[in-house]
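Please find the structures below.
Each of the two complexes below includes chain A, the first together with chain B, the second together with chain C.
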Partner chain A sequence: MFEIFRNMTASRRQTLVQVLTYMLFCAAILIFPLFLDNDFLLNRYARYLVLGMVTMALSLSWGYAGILNLGQALSFGLGSYAMAMALKLRTVPVHTGAGGLPDFMVWNNVEKLPWFWEPFYSLGLAILAGIFVPVILAVVLGWFMFRGRITGVFVAIITLANLVVVNLLIIDQQRFTGGFNGITDLAQLEFFGFEFDAYSKSTYYLVAISLSLCLFGALALTKSKAGLILQAIRDHEERVRFFGYDVAVYQIMAMSVSAAIAGIAGMLYTVVMEFASPTFLSVPLSLSIVVWCAVGGRQSLLGATIGAIVVAGMQGALSESEAFLDTWMLIMGAIFVLVVLFLPNGLAGLIDMLARKAFGRGRHRKSDGPASDIIPTETAKSP
Partner chain B sequence: MSEHLRIENLSVEFDGFKAVDNLNLSVDKGELRCLIGPNGAGKTTTLDLICGKTRSSKGSIQYRGREIANEPEYLIARAGIGRKFQVPSVFRQLTVRENLEVAYCRHVGVFANVVRSGHSPESDGLEKLADFVGLSGYLDEPAEHLSHGQTQWLEIALLLAQDSELILLDEPTAGMTHQETRKTAEICNRLKGKHTIIVVEHDMGFVREIGEVISVMHQGTVLAEGTVEEISRDERVKEVYLGSVGIDDA
Partner chain C sequence: MDFLLENIITGLSIGSILLLIALGLAIIYGTMGVINMAHGEFVMLGAYATWAMNAFLGVGFLASLIVVFLGVACLGYLVERGVIRFLYRRPLDTILATWGVGVMLQQIVRLIAGGELRYVEMPPALSGTVSVLGITVSGYRVFVFLFVLALFAATWYLMYRTAFGTKLRAVVQNREIASCFGINSSRIYSLTFAYGAGLAGLAGALVAPLKSVSPEMGTTYVVDAFFVVVLGGVQSIFGTVASAFVLGEATGMLAFLWNDTIAKALVLLGIMILIRFRPQGLFTSKARR
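Moving on to the complex of A and B:
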């Protein structure tokens, strides 16, 4: 009996340490502005936090459910466009062009606001769209993929292709989307009497608080029974079915929640950057998210978040000097290869391992599996 | 006793090769049925067909009077059929406790499970189960750290946690020591009556210990059916199978 009690506290203790670590991180990002009175830098850090958020969303689907979504930037970009459309319609007429039309529509000889722009007069509807358009797309795509039992690298290819299609569509439909230039010259976000100037503490706090809430929401999901089943699916998809779980529904759920968080992150990105652009749903960004996630540790929500902040931060710092900018992609590629080869669970896995060494036998969830398991495959999984 | 599972004229082909060919099998509720036969006789394939892992090309499988042939796996599992695979398959990255939590599947809906803790109040029962199969010291250990034998036991514990009405066991004692085999036999004997069990097994000692009715499979069909004594007297069975293994050697 004592043995059971001791073991139970071991697993509870692990959860407690995890929650405390997450709280520490959230506290750190929330008090950070007290030590930094530089709106320019705050804006930059808010940007990194947003990138951390979308990467955390990928960790939920990739790290926990084994769904390598190479189109993660799709949800992000759609969220960002939703916010940009709403803010564009809120600009004072001077910026908006004649007859209340956004300026780029006027240049493209559009005469009437397209029907799908109408709902964005309402900020509430825009925010709903920023969340639910990505979610609905994820459900539809997930339905086709997971009902058809598509797994592993094919999921990666399909999601990537999907991203490319939407990206091209947005660039192509310049009359309605602003094309290459995206949607620029936006009004400031305002709600509940707060103004969110991109270069202000209020925007930073909006981002930091959103990230904290999403982080804890996602953590709660991973700690639920559904979260456990997702991890079981990642491990051995087929076996889960024989316990009576409809695997496809769980996978669709994971992808949708991930899409929702990415959509929120995308909306925040527009507020921070003050524009939306096709690069927000481009292949390079999407692949960067995967790299950040792998570097930080895809099986740790916080690890993935910090991975994005650190790597994107490094990129930001290096890009100050022109010489480094060109080599950046090379450096990033090298980091990715090193992590895949030597740290299959990223920085979080490394810290986990060190902590285990320091504190003795603990619960070692993260396996130091072979590098090849970075992309889940069906092989060696059939019972 | 009422009929629990009824298989009629079941067939499946793999590229023209009939792995199961017009199989007929009927198992009563609470019965413990042993399925024996030479390698490649189609025993595993039969279990695959029952639990939905393989789709049949012809025939019917009725479980409690309901046709389940070619239904999706998860619906067959929900109807009350559990399976232990020939190659132990557990969730290697999850701890023993988490494995048991997944197997304990009273509620399978996604929405209910989002609000349900991954650490269920039934945990106590699951801990007893781990204790029962000798894994109580490994509750918080990932399953990949277990030995082959322990993995076998974990999978048996998963089946017990799942608590299905019809349990399909594919060579549960493979790689087990003599003592462990006896314990498995004991578990099977304890389960029968309440659960219906179909065991595929090569170990004749084990079959003797638990078997009431034995079905012998050969080339995809049932060759003979009867008690251990009847089977060991059957000339055809001797020819295809027992001649080489020897039912009396065990």
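Moving on to the complex of A and C:
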């Protein structure tokens, strides 16, 4: 066993260690419910796992492709609305009018179910919508930006503006979207005979398995040739272009894969939270995702996931008392500033550094290290 | 014809507030390339300082403006020294770090002053109305408009007619060479950041009587102000002025035609398209760097 390990090339060895770490994490979250028999807490942890998933999606586009998407919550929120719309139509009509119209539409004097609600009678179509509506939006936006060779700060601004536009429209079109209140009073998700009660092990497992699959899917992508090209684009876009690659296509790909994962996470979030609200695609949530990603380590999928779980988890644990939460936010801000200043690669970067010190030099060659270490001036001059 | 004029004046009023907030941001972003997400919190601090001086010390509104400017500028100086100067090589990370600073400032204010809304009274001399071309306008809004023009003139003078401004422009063009000529570039950066922060504080003080004061008030302003700066073009304070008034008029007109929300969404869509085709800004002919 150790012979094989020693005979590997450095990068292969690193991949092996990485895969083992990821498997360890997935195993940990999967066996976790065996030690915890409290449905309320399980629901809460499921929520943190979902937030970890959307943060992982951001790490894929930000850490690996250099696209700082400040509108990550857009894909997340759209996924969550898709699921909420489907579950809303499955509720037993209580307040509803003719043809099982959702209650808030009745209150807003809508007579007939609008056309874009029709497909959500089918759960399969709803799930497809939860993935592909964000993907299509990401492709359109990506095409719009990257064909024009927009980079850096401007990507951040355009994605942010886009998020605000959709958020405003959803709040404004109260008759069809529930406005500020969002979509509440949902039915339970049910497929293949399984029922997913938000406060149960089944929902937790649904979330944990989805997260594990997406984590490994994303890891496979970063190890593929396309993934390597993405990292090359992040480090030096012009150089990759001179090699003859179509940079925009790769960037659009990264953004849409990230959007798909965020959409899935959004759908799961609705299942866990039992409602959808415009705060799921608000600017504060979107910025929080960026923060979690930066704290955990933007260039590590697992780091970003754990960053979100830890930070959101601590915030949730302290939010019971108002005074605690306020102080916590203060400490959080300070930690965040310190992380940005001293640990540009977040907690994952710190662990990486410690591991390299512990195991001596050369064993772990850092293949996806920060570009700024190698060419600091290039990145500084790019805007 | 009257409603058209009325709308133009509403637009000018929106534009003057936008410009007030964006001016400080434009100087910081334009000269240093730092995206200051804490700018909104500087605005908020200015508003709170005005409120506190009014409520506890009984200082008059106009007198408090000077104190607010100096106080927030000092804070800006400390933030630059403590955080931002380490990040000039990583411009995208300034978004994150300044956001963290903003969160801290917000929480400090919430812990000290409480989360509830506060109100600042308008100075009695300005609370009346005046008639502009036959339209009645609130006197305070006219005052804000004139004050912003004066601030802009002062900023222009500082940038283009003083030794400090000359040094600043030299550092912006080429930091290394400017340093070779004996300009203390890190001091210039600190002072510029302090000046921009001070302007934000002034903006907060001036906005306070118009809107309610809360710890979260800055967040909405910073996003809007940021769009103004990007649209106007980096390194052009005239561009910032033009874009503030263009955006003000556009928002005013569209809000008149549909409603506020749709107006805002349309303006943002317009900004997205403009950035896509002119990332250097609407009002700059050439982009250096």
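One rule holds for everything that comes next: the second predicted complex is superposed on the first by the 345 of 383 C-alpha atoms of A that agree within 3 Å, B and C clash if a C-alpha of one lies under 4 Å from a C-alpha of the other, contacts with A are read in each partner's own complex, and residues count from 1 in each chain.
As a working rule, a residue touches a chain if its C-beta (ideal position, glycine included) is under 8 Å from a C-beta of that chain, and two chains touch if they have at least 3 such contacts.
Only a predicted model underlies this, so the values are computations on that prediction, with no experimental measurement involved.
Of the two partner chains, chain B is the only one that A:G244 touches; chain C does not reach it.
By the touch criterion stated above, A:P344 is placed in contact with chain C alone, chain B being left untouched. Shared-chain residue A:T327: touches chain C; no touch with chain B.
Once the two complexes are overlaid on the shared chain, A:L20 sits clear of chain B and of chain C alike. When the two structures are aligned on the shared chain, A:L213 is found in touch with neither chain B nor chain C. In the superposition on chain A, A:I158 contacts chain C only, with no contact to chain B. The intersection of chain A residues touching chain B with those touching chain C, taken from the two complexes, comprises 383.
By the touch criterion stated above, chain A contacts chain B in their complex at residues 3-4, 7-8, 10-11, 221, 223-229, 231-232, 234-236, 238-247, 249-250, 253, 363-367, 383. Chain A contributes residues 68, 144-145, 148, 150, 152-154, 156-158, 160-162, 164-165, 168-169, 171-172, 283-284, 287, 290-291, 294, 326-327, 329-330, 332-334, 336-337, 340-341, 344, 372, 376-377, 379-381, 383 to its touches with chain C in the complex. Those residues of chain C that touch chain A in the shared complex are 33, 35, 83, 86-93, 95-97, 99-104, 106-108, 110-111, 219, 223, 226-227, 230, 259, 261-262, 264-265, 268-269, 271-272, 275-277, 279, 289. On chain B, the positions that touch chain A within their shared complex are 51, 53, 72-75, 77-78, 82-83, 85-87, 89-95, 97-99, 101-103, 105, 107-108, 110, 113-120, 123-124, 127, 131, 136-137, 139-142, 144-145, 158, 162.
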